[in-house]
Structure formats: C-alpha cells, structure tokens
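Have a look at these structures, which come just after this line.
Below are two complexes that have chain A in common, paired first with chain B and then with chain C.
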Partner chain A sequence: MKLERQQTPFHELHDILDHALSKSSDKRVGLLTSITGGEIATLLLSPKDGTAELMVTAVENNKYSSFSTHHAQFHWFERALFDFFGIVPEGHPRFKHLLLHDQYAQDFFPLRKIDLPTDFRNALPRRYEFLEVKGEGVYELPVGPIHAGVIEPGHFRFSCFGETIVNLEIRLGWVHRGVEKRLTEVPWQKAHFVAEAAASDTALANAFAHAIAIESILDLEITERAQYLRTIALEIERLAVHIIDVGGIGTDIGLLGISSAMGRLRGKALALADLISGSRFLRGFIFPGGVRPVSERKLSEIKAGVIALKKDLTPVIQMLSDNQMATERMKDIGKLSKSLAAEFGMVGIIGKACGIDCDTRRQFQQGKYPELAPEPSIEIGGDILARTAVRVGEIWSSLKTIETLVDNCPHGEEKVTVPEMLPANATGLGIVEATRGELIHLIFTDEDGKICRYAIKDPSFDNWTAISIAIRDNLIADFPLCNKSMALSYSGNDL
Partner chain B sequence: MLKLITYLLQQGVATAKNICPDLAEGVIGLPMLTDAPCQSGCTACVEVCPTDAISVFNIDDANHVRLDLGACIGCGYCVDVCPTGTIKNNPTTRVAVRTREELILTTAGAAAEAANKELVTQGRTAAAKIPTADSLSKASWFGRSVAARVVSTGCSACDMELGAAGNPIFDMERFGVHIVASPRFADALIVTGPVSKGMQEALVSCYGAMSSPRVVIALGTCAISGGVHKGGYAEANGVDNILPVNVYIPGCPPHPWSIIHGILLAMGKEHLALAKKK
Partner chain C sequence: MTSINTDAILETLVFIAIFLLLPPLLVGIIRKTKARFQNRIGAPLLQPYFDLLKLLSKGETISKHTSWIFRSTAAINVSLLIILAFLAPWTSLRPFNLGADLFLVIYLLALTRFFTVLSALDAGSAFGGFGASREVTLALLVEPAVILCLAAIGSVSQTSDLGVAFSFNNIALANQPGLWFIAGCGLFLASLVELSRMPADDPTTHLELTMVHEAMILENSAANLALVEYAHFLKILILLGISSQCLLHAIPFFWHTTELILVLSSIVSIMILAASIAIIESVAVKLRWTKLPEFIAYSVAMSIFCVFIALSKNLN
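Showing the complex of A and B:
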C-alpha cells in the first residue's frame, strides 16, 4: 500500500493516538520508528477497511514525552527507537536498551542520519540492569543466552518464590545483525534476499511483504497467476512451521511419538515447498514483479501432496487432542487475558488464542487475500491449549486453502517487467499474515529514489511481552511448554 | 498411549538407507563450475549475485569465473542467467569441506590460486585474537561418537535443518552424533549464524568451557563468511574471525544431508557418506 507522509505535530498525534487506541475504536498501531532521527513516524492501521495512515512528527531537542505511559503497546518500540536513533522517550516507565548490548559505543546509534544535538549526552548506561524483585526467599534464575537445545539465543531472568515465577524479564538482541541497515545498503533489486534472512522460517512472508511494499511504491500490478502462487507459497510456509510447533508441544509434554511423527510430516510440507520453489525454505521464490516459474505438473503434484498430508496428519493430531493427559497439561497454564493482550497489541497466534480477530489475511491486501481468506481460527482460552488449538485450526485451513488456490490458479506469466528506479520520496507498506502473525515492512525512499529507511516489524516484536505476562504466577517447570506454545522468533525480533 | 504405539509401529522404519543422496530434480543446490568456456565480456552472474560471491576476470584474453561457495547463499540465480552453462546447479549434498580454500572454485585453475588465497583472508577482522586450534592428529578421536553443542547466532533456518537432521528420516544419531545440553561434555561446537557482536562473548566462553580436543563446525553461509550480513556495523562476519574452524558446511541453509556430511567429516567418517547405488 502506498502511503502519504502526513506531517502531524505532537499535540495532534497525542490526541489521534488516544482516540485510535480507545476501547471504542478498532484501530491499532502498526509500528513506531524514525526515518532520519529528526522525527518519529507512527503507522496507524484500520483493520476494518484495510487502510493505513502514516504520521510524521518532527522531534525537537531529540526528545518527546513517552507514549508508553498511556499506551502499553509502545514500550518496546520506544526502547528500539532510542537504540537505533538516540531519540529519548521521556518518562518511559522502563527505559533501557532493547537490542544493542554493552559492546556498542555509548553514543552509537546506527540508523541515525542527522547529527546529534551538540549538548546531547546519552545518560543511559550501556550496562543492562535487570529488574530486581526484593523480598525474603525470592531468588533469581538466569537462563541463556545460549540455551540447552537447538534454538536461538535469548536471556530469561526469572525471579522466583519457591517454584512460582514472580517476574520474568526477557533480554533479547543477541542476534542483532543490522538487517534494517543492510536493506538500505544493497541495490534494491537484491534486497529481497536480505529480507528473507531476517527470520528464515518466515523467509517467504518477509519476501512477500517486501514485494508488496516495493510494488506499491512502483504502482506495479503483478499477474493474477503470481498472486495465486504467492498465496499458495505463504500457506505452505505456515503449514511447515505449525506442524513442527505442534510437534514441539508433543516433545515438551513427553509424547515423543507425536513429535517424531510431526517431524517426519514437516518433511512432507517442506517437500511441497521444494516443489513450488526448489527450496525447502521457499528462498528466492518471491521478488518484486512476480515469482519464479511453476509448471502445471508441479501444481498438480502439490495438490496431491496436500491431500496426502491431510490424511497423514489426521490420526496424529487426533491422538494429541484425544489425549487427556496432554489436555490437562495445557489447560489454564500460561494464560493471557483478552484485555491485556489487546492493551499490549498482541497479534497472530497469541492474539487469536485470546479471542481477538487479528488475522490480517482478512483485513489487508496480500496476494489473493482478503478475497479468498479462510475463516479465522479463534479460541478464547488464552492458555497453552488455546494456542495449540489455533495452530491446529490453521493447519486444516491452510491445507484447504492451498487446494482451492491450486484449483483456481490461472495460466499466464509469472512475472512482469520491473522499472529500474524507485520514485523519490515515496513510502510503501507491505502487510502479510506470517505464521506468527502480522508482519510489516515499511520502506521510505529519499529524493534520489534510494531506499533511505527500511523498517520491519516482526510479529514477535509485539508478542514477546506476552510470555512475561502469561508466565507470571505459574510454576517454573511450566515455562518451557508455555514458551513453546508461543514459539516466538528471536532473529525476527532482533533483526 | 496404546494408540500412539500402534500407530508408530504401523508406520514402520522411515529412516533413509541411502546416505547423502543427490538432490531431487528441480531442487536448487549450490552452484558449480563446468568446463564449458565462459562467454567473453559476460558478467550476467556477477550482476545477479546477492552476496558478491562471484567475480569474473580475464586471463590471456579468456573470461574466467571465481565462485566463493562460502559467500554463496545458493539462490540459483546465477545458474538461471548463465548463457554458456559454465555455472550449473550442483545436485550433490556432500558439500562440506575442511578448509576455507576448498570453497573457492575457479575456472582458471592454478593461474588463479594466489588471488583465491587472498579472498580467504579478506574481510577477517580480528585474526590475531583467534585461539589456535586443538591438535587433532588422531583423526579417529571422535570416530565412534561425537557429542555436539550447538550455538545459534543466525536466522534459525540452519538450526531447523540441524533439527531435521535428527528426525526419523535423516536420523544422524545412528552415526553416533548426539546434541548435548552443555559445553562441558561436548566434543564438537556447531555454530550457526554470522556471530554478530551480541553473541561473540557468549560463543568464546562456550568454546572455553569445552575440554580439548575440540572441533568447531561452521554451519551455513552466515557462519562461514557472514553471508548477507557481512561487513555491517554488527560485525557479523562469520565464525573464523573468532574461533578456529575445522569443518565448513556451505548453504543457506545447508540441506540436512549436507549437515550430516559435515559432521561425518569432523568425525573422520566421511566414507559413510559415499552414496550407495540402490
């Protein structure tokens, strides 16, 4: 979607946000960031009519009064804003670095383009201080950054009283690789490869959001066939991740048979990815202008594969949902209330499991959606059981959607010619429902038509706080299962 | 529970018997160079490559290609555009090597060796600080089993493929490979991702906590060279800037069979990966 940059002074922005985030409104904040360091850019989404607006507000003296005090959803955005641009959100209730660690120089703000005010002093120490819970019998349990299993790095600081978790503080940023900066450094025609490496089990969704954003800047229409193929690929990616995540629930409950069966079936989902793109992670399939060619024979093989996979999955998932022990292990654990989820702007699986209808496939233009969007998979429990049920629901709906899409996929070209240059001072937005939820790519070009700022908001960025909230007052032994049920991305968050 | 056991028994043995077979037709592997001469003046591959893994140069009026598999993310675009078939898709999954040099291919043979060497050290940031590798004179140290500790510093697709290498189809445990939860009892350190600033200290202390002899495996293009992240402010330039590396597994991410091939190489058991004809 192509956006206008609306110049909005601070007092107006405050009012707009108060209004947009009130209970009676259905709007939500997509992201808050900056372009050069001299302004803040706020993306406001209207899911009801599938539109968005971008407000650009000049910042004076490199600081403004924090929004987080009124709207909890901003609390990480504002910390990241400081990390990358050095803009200070005054009065932020927990102001500390988010992604850049002690190794970086005190005044290092990698995405800032304009000079810091001469009298600016970064008063925030690089050294990270965890929130300390005081009281007799309270102890701390540090976990990570390197974990016991084969997973991404992150640090969890538990404050416990006996077996009960009183507070969990999550520190991320260990795999911050500078993806957003790199996206402004490579020729834009090659940027989709960098976007894919943002978080690779979401490689396709990232390439998809990237392509939508670029094509909107270029006013480029792609072919109907490409729209279908992109949508099919998106559902294949979702299928593969959900299968392994449901299998992971089996591992953590102790039903190893379920997890090994699901591990094997994920292989079959990856075979579908291989069929459509030649890559198990759908890398290089989507680029601005279209997709790689796919033969009719491959499409019919994909359909046959989907039907076979449905048959294979049915008994395994049935065994998990029939298992009384598994159900009891998941019920009422790691519970998140709908009101808190809404307040913190949770998206994707976590939002859906709390009864929030936040499936962007039904809201924003992406491939053949919202036209052919499946019914959303919504649960109300807010616990591990509900999150697993949402995933299972999405497995079935993805299978069905792929079948429908393959049946209706028209013949024709897979790609159109793409202009050499991007227009100057343009802003493009791409929103895709990735496996974990709403994924946003926001691209700004400068007066030469070069990408000068590239912002990505991974769904996990909204959702990490959900773990801290949901695990409070739960047993420490329930953490791994709760964490697995959310299955958030570290690399997508850290970028 | 009974149902589950019955189900699993019905499924039979899923494990593949053929170790490290070639990729199926249509699946994109790493590129390779053939004998077909390169077209004079053509730079099509260089233009499409997202990671500058390819360069074209001239020797005696002939166009030559140099391809660094340690920088390549296996997108296959160069294969698509090469008009002469000099660059082709390589279907093999046995791509792991012991030295960084072996990942640099060229059509120019010995004439390009010096430049190849230069490429290996180019971009290394902290060469002086790298600890010396443990001596592994006995190639059979880990011949029967190897306990591996995984440190993930990348986008996690490499981790997922490593996880897949442990699933019932690939089943790397049958070769004596165990993923362990502490560096204290690990023989091998498998690193995925480009090791940006945030993870450097953690990686070095993990290595330090292992007892000698240790092997280090760089899994994936990021771990080898930084991949798409190379040269940025986060110093995400690969493992061999920080630790001595014994085995390199190229690919973004490498196929589970390639990962198994790399681990077998570290164990000195790569002969097991010679594909048997059915």
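Showing the complex of A and C:
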C-alpha cells in the first residue's frame, strides 16, 4: 500500500491518537518509529476499510511527551525508539533500554542519521535494572538466556511468592543483528534476501511483506498467477509452524505421542514448501515483481499432499482434543482478558484467542486476500486452550484455502519486469498475516531513491507483553506451557 | 555342610548381580516402551548402562559455592540404597536375613531424600531451591500412603519385620489377596510420585520450571551425576520391587511354587511394572501442580482401605 507522509504537528497527533484509540473507534496502531531521528512516524491502521495513514511529526529538543501513559501499546515502541534513535519519550512509566544491551557506548544510537543536540546527555544507564518486587517471602528466579532446550535466547526474570508468579519481566535483544539497518545498506534489488532472514520460520511472510512494500512504492502490478502462488506459499508456511506448535503443546503437557506425530507431519508440510519453492523454509521464493516459476505438475502434487496431510492430521488432532485430561490441563491457565488484549494491541493468535477479530487477511490487501480470505478462527477463552483451538482452526482453514487456491490458480507468467530505480521520497507499506499475526514492513526512500529507513514490526513485538500479563498469579510450573501456547519469536522481535 | 555353603554363596552372588545390574535395564525398558508408544524405535535397551559409563569418563564441574554435602550426597545415597536393597523385600530372594523393620525401610528411603534435598539447596541455585521445596511437599503427601500400606500388612502378620511378612509362608497373610492387591496398587501409585514419574513429574522434560527431581540435580555432573542417576535407578528397583511383591502375594499360585519360579516371577513382575509406568506416562498428561494432591489421594485412599482390612482382621 502506498502511503503519503502527512506532516502532523504534535498537539494534533495527541488528539488523533486519543480519538483513534478510543473504544468507539476501530482503528489501531501499526507501529511507531522514526526516519532520521528528527521526527516520529506513527502508522495508524483502519482495518475496516483496509487503509492506513502515516503521520510524521517533527520532534523538538530530541524529546516528546510519552504516549504510553495514555495508550499502553506504545510502551515497547517508545523504548525501541530510544534505543535506536535516542528520542526520549518523557514520562514513560518504565523507561529503560529494550533491545540494545550493556556493551554499547552510552551515546550510541545506531539508526540515528542527524546529530544529537549538543546539550543532550543520555541519562539512562546502559546497565539493565529489573523491576524488584519487595516483601517477605518473595524470591527472584532468573531463567535464560540460555535454556535447556534448543530454543532461541530470552531472559525471564520471575518474582515468585511460593509457587505463584507475582511478576515476570522479559528481557530480549540477545539476537539483535541490526536487520533494519542492514536493509538500508544492501542494494534494494537484493534486499529481499535480508528481509526474509529477519525470522527464519517467518521467512516467507517477511519476503511477502517486503515485496508488497517495494511494489507499492514502484506502483507495480504483479500477475494474477503470482498472487495465487504467494498466497499458497503463505498458507503452507502457516501450516508448518502451526503443526509443530500444536505438537509443542503435546510435549509440554507430556503427551509425547502427539508431539512426535506432529513433528513427523510438520515434515510433510515442509515437503509441500519444498515442492512449491525448492526450499523447505520457502527461502527465495517471493521477490519484488513476482515469484519463482512453479510447474502445473508441482501444483497438483501439492494438492495431493494437502489431502493426504489432512487425512493424517485428523486422528492426531482428535487425540489431543478428545483427551479430557489435556483439556483440563489447558483450561483457565495463562488467561488474558479481551480488554487487556485490546489495550495492549495484541495481534495474531493471542488476539484471536481473546475474541478480537484481528486477522489481517480479511482486512488488508495481500496476495489473493481479502478476496479469498478464510473465515477467521476466533475463540473467546483467552487461555491456553483457546490459543491451541485457534491454531487448530487455522490448520484446517489453511489446508482448505490451499486446496481452493490450487484449484483456481490461473496460468501465465510468474513475474513482471521491475524498474531499476525506486522513486524518491516515497513510502511503501506491506502488511501480511504471518503465522503469529500482523507483520508490517514500512519502507522510506530518500531524495536519491535509496531506502533510507526500513522498519519491520514483527507480531511478536506486540505480543511479548501478553506473556507477562497472562502468567501473573499463575503457577511457576505453568509458565512453559503458557509460553509454548503463545510461541513467540525472539529473532523477529530482536531484529 | 559344604553344599549348603555353595548354595548360599551362589544365592548371594545372584542377588548382588541382580540388584547391581537390573536397575539400568528397568529404565531402558521404560524408555523403550515409551518410544514404541510414540512410534519411534527408541534407544537400545542397554542405553542407560552406556550413559552411566559415559558419565563416569567425563570431567566434573563443581560450583565453588558448594560444600562437602553436595560432593558426598551421591555416594551417601548409593550406599543407603544398597543397604536398603539388602533389607527391603523387593524380591523373594533374600540371602541375608537382616530383619527389615518397616520403619527402618521407610526412613532409610526418607534419609536418601533428605540428603538429595540438602545437596539441592547446597548449590544455591534457584532451581535447586524450588525443586527441593516441591520434592518435600510431595514427600509429605505420599509418605502416609506408603507407611499405612506396609503397616497394615505388618499388623495382620503381627510383626513389623517386612522380611517375615513378605516370605510367602506367613499363615496370617495367606488368604488375604484383597489386602495384598490393594496394598500393591497403593504402593505402585505412591511410587510414581516418589520416583518423580508422570503424572507428578515429567522425567523427559527440558523445561526447568516444571521439574521436581531433575531441578534438584541440575548442578551434578560426570561421575557425581552417574552416582545420582544410579541411586535413582536403584530406588526404582526397590520401590517397584516392593509393589510387585505385594501383587505376587495376592496370587495364591505363588504361595505353593518353587523358589526358582518365585525368583524369576519377582524379576519379571518388576519389569512388567516398569513397562506399566511407561504406558501410564504415554497416555497420561502431566498434572497441574495444584491437582497433584487429588492424584496422591488415590494411593492414600487405598492405604486406608488396607488399614480397614487389617483392623477387621485383628478384631475378629
């Protein structure tokens, strides 16, 4: 989607946000970031009509009054804004570094393009201080960043009272690689290789969002066949991740039979990915202008594979859903209320499990969506059971969608010719419903037509806070299961 | 005279061989059965032996915050469990008649737990702390079940010597299949909790926060870990052995059969119980921590039934 950069003064921005994020409005915040360090850019989404607006507000004296005090969902965006640009959100309730760790220099702000004001001093120490819960009998339990399983790094600091969690503070950023900066340095024609490496199990969705954003800057129409193939690949990726995540629930409650069966079936879903793209993780399939060629024979094999997978998945998933002990184990644990989920702007599985219809496949243009978007899988429980049910629902709807798409996929060219230059001072937006939820790529070009700022908002960035909220007053031993039910990405968040 | 001696020596050697070599095999059986339930081939039956050998050849890392308690616990526990293996009636073969008082057996078991908990606290890690706290909580809940089951048997046989009660020739216990069966089941359910198996604890999990037993031994490594593991295997042998002996006593056939068949059935029945642990672990879900007392209540209820049976018997 092509965007205009609307110059909005500060006092207006506060009013616009208050209005847009009030309960009666259906708008929500896409992301908050900066372009050079001299302004803040706020992306406001209108899911109802599938449009977005971008407001650019100049920042004076390198600071502004924080939005987090009124709108909780800004709280990580503003901390990241300070990490990367050094812009201070004054009055932020828990102001500290988010992704950049202790080893960086005190005044190091990697994405800042303009000089810091001469009198600016970073008053925030690099040393990270966890929130300390005081009181007799409260003890701290540090977990990670290295875990006993082969998973990504994240540090969890629990403050516990007996077996109950009083507070959980999550510290991420251990796999911060500077993806956003790197994306402005590589030639834009090759940038999709970097974009899809932002999170490996979301490789296709990232490449997809990147392609949509670049194509919207170029005003490029891609072929109908490419739209179909992109959508099929997106659903295959969703299928593979959901299958292993439902299997992961089996591991954590001790139903190892289900988890090993799901592990095997995930291999079959990856084989579908291999069929369409030649890569089990769908690398290099989507690029601006189209997709890699796919033969008709491969498409019919994919359809046969989907039918076989559906048949294999049915008894395994039934074993999990029919197991009364398993249901009881998941019910009413890690519960997140709908109002808190809405307030913190939860997206994807977590939002859907709280009864929020936040499936961007039905809202924003992406491939053959919203035209052929499946019915959303929505639950109202907000607990582990609801999140698992949403995942299972999406497994079925993805299988069905792939079948429909393969049946209707037209013949023709897979790619169109792409211009050599990007237009100057343009802004491109790509929104894709990745497995975990709404994924946003936002690209700004400068006066030479080079990418000067590339912002990615992974769904996990919105959703990490959900764990801290949902696990409060739950048992320590329930945390791993709750964490698994959310299955958030560390690398997508850390970028 | 000499022939009796050779018999006794042979019996002793067989006994020592069984209790030294059988425990890792039991774990192998559990793991293999679980793997088959998951449609996997699984590691070889003898893998636990290889694992122990591997651990013995590794270099050890000891936290500098630990004291002698941490370093000696594994050895103390193995010694205590070997003493227990000589005392407790876990098989029909008992070459040494040492007089196994039921309270001695129960509190020797408790003593091993005491040292494990101390060593978990000694390393000072947060996981050791809550692992120990969970272990003690569970122990508190299951201990009555174990004591009442064994005490009921003891009270019917008018002795607290388990060696006498579990000897297949105690007239008072001869026609009590109900008592033996309920005691056997109660002890088996209690053993699941005592041995940190599902549904109380998931021994295969890598999730530190859900662990009970594993959380306590996170700091152990190399030979120390090998001893800890071996002690745990021995505990499996002894607890499953006692439960299986109860169940065997419930079947009249074993009261009138030869010594050899009895010994073989003792060993086979322990293996069958090990396989049933695997089956339970494959179909059951690891229970929520707060639901565990409900599960333990089953074994406590069985032990109370045993007490009722014993009371009615004694009142007659």
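Definition applied: the second predicted complex is superposed on the first by the 495 of 495 C-alpha atoms of A that agree within 3 Å, B and C clash if a C-alpha of one lies under 4 Å from a C-alpha of the other, contacts with A are read in each partner's own complex, and residues count from 1 in each chain.
Quick note on the criterion: contacts are C-beta pairs under 8 Å (C-beta built on N, C-alpha and C of every residue); 3 or more make two chains touch, one makes a residue touch a chain.
The structure presented is a predicted model; accordingly, all values stated were derived computationally and were not measured.
Undergrad: Contacts for A:36 in the overlay, against chain B (first) and chain C (second): which applies, first, second, both or neither?
TA: Neither partner.
Undergrad: Look at A:491 in the shared chain and tell me whether it touches chain B only, chain C only, both, or neither; answer first, second, both or neither.
TA: First partner only, chain B.
Undergrad: Between chain B and chain C, which one contacts more residues of chain A in the superposed model?
TA: Ranking chain B and chain C by residues of chain A touched puts B first.
Undergrad: Kindly classify A:479 by the partners it touches after superposition: chain B alone (first), chain C alone (second), both, or neither?
TA: Touch status of A:479: second partner only.
Undergrad: Going by the contact rule set out at the top, does A:329 touch chain B (first), chain C (second), both, or neither?
TA: In the superposition, A:329 touches chain C alone.
Undergrad: Pick one for A:6: touches chain B only (first), chain C only (second), both, or neither.
TA: Touch partners of A:6: none, neither chain B nor chain C.
Undergrad: Report for A:140: first if it touches chain B alone, second if chain C alone, otherwise both or neither.
TA: Second partner only, chain C.
Undergrad: Quick one: classify A:260 as touching chain B (first), chain C (second), both or neither.
TA: A:260: touches chain B and chain C.
Undergrad: Touch test for A:365: chain B only (first), chain C only (second), both, or neither?
TA: Neither partner.
Undergrad: So in the superposed three-chain picture, is A:252 touching just chain B, just chain C, both, or none of them (first/second/both/neither)?
TA: second
Undergrad: Once the two structures are superposed, pull the chain A residues common to the chain B and chain C interfaces.
TA: Shared contact residues on chain A: 148-149, 255, 257, 260-261, 264, 323.
Undergrad: Which bits of chain B are touching chain A when the two form their complex?
TA: 1, 3-5, 7-8, 11, 14, 24, 26-28, 48, 50-51, 73-77, 150-164, 167-169, 179, 181-182, 193-194, 196-202, 206, 222, 227-229, 232-234, 236, 252-253, 255
Undergrad: Quick one: which bits of chain A touch chain B in the complex? Just the residue numbers, please.
TA: For chain A paired with chain B, touching residues are 101, 103-104, 108, 110, 145-146, 148-153, 173-179, 181-182, 185-186, 190, 193-194, 197-201, 203, 244, 255, 257-258, 260-261, 263-264, 266-267, 270, 274-275, 278-281, 283-284, 298, 315-316, 319, 322-323, 489-491, 494.
Undergrad: Note which residues of chain C are touching chain A in the complex, please.
TA: 34, 37-40, 126-127, 129-130, 134, 198-199, 202, 204-210, 281-282, 284-290
Undergrad: Would you pull the chain A residues touching chain C in the complex into a rising list?
TA: For chain A paired with chain C, touching residues are 139-143, 147-149, 160, 163, 252-257, 259-261, 264, 323, 325-326, 328-329, 333, 475-481.
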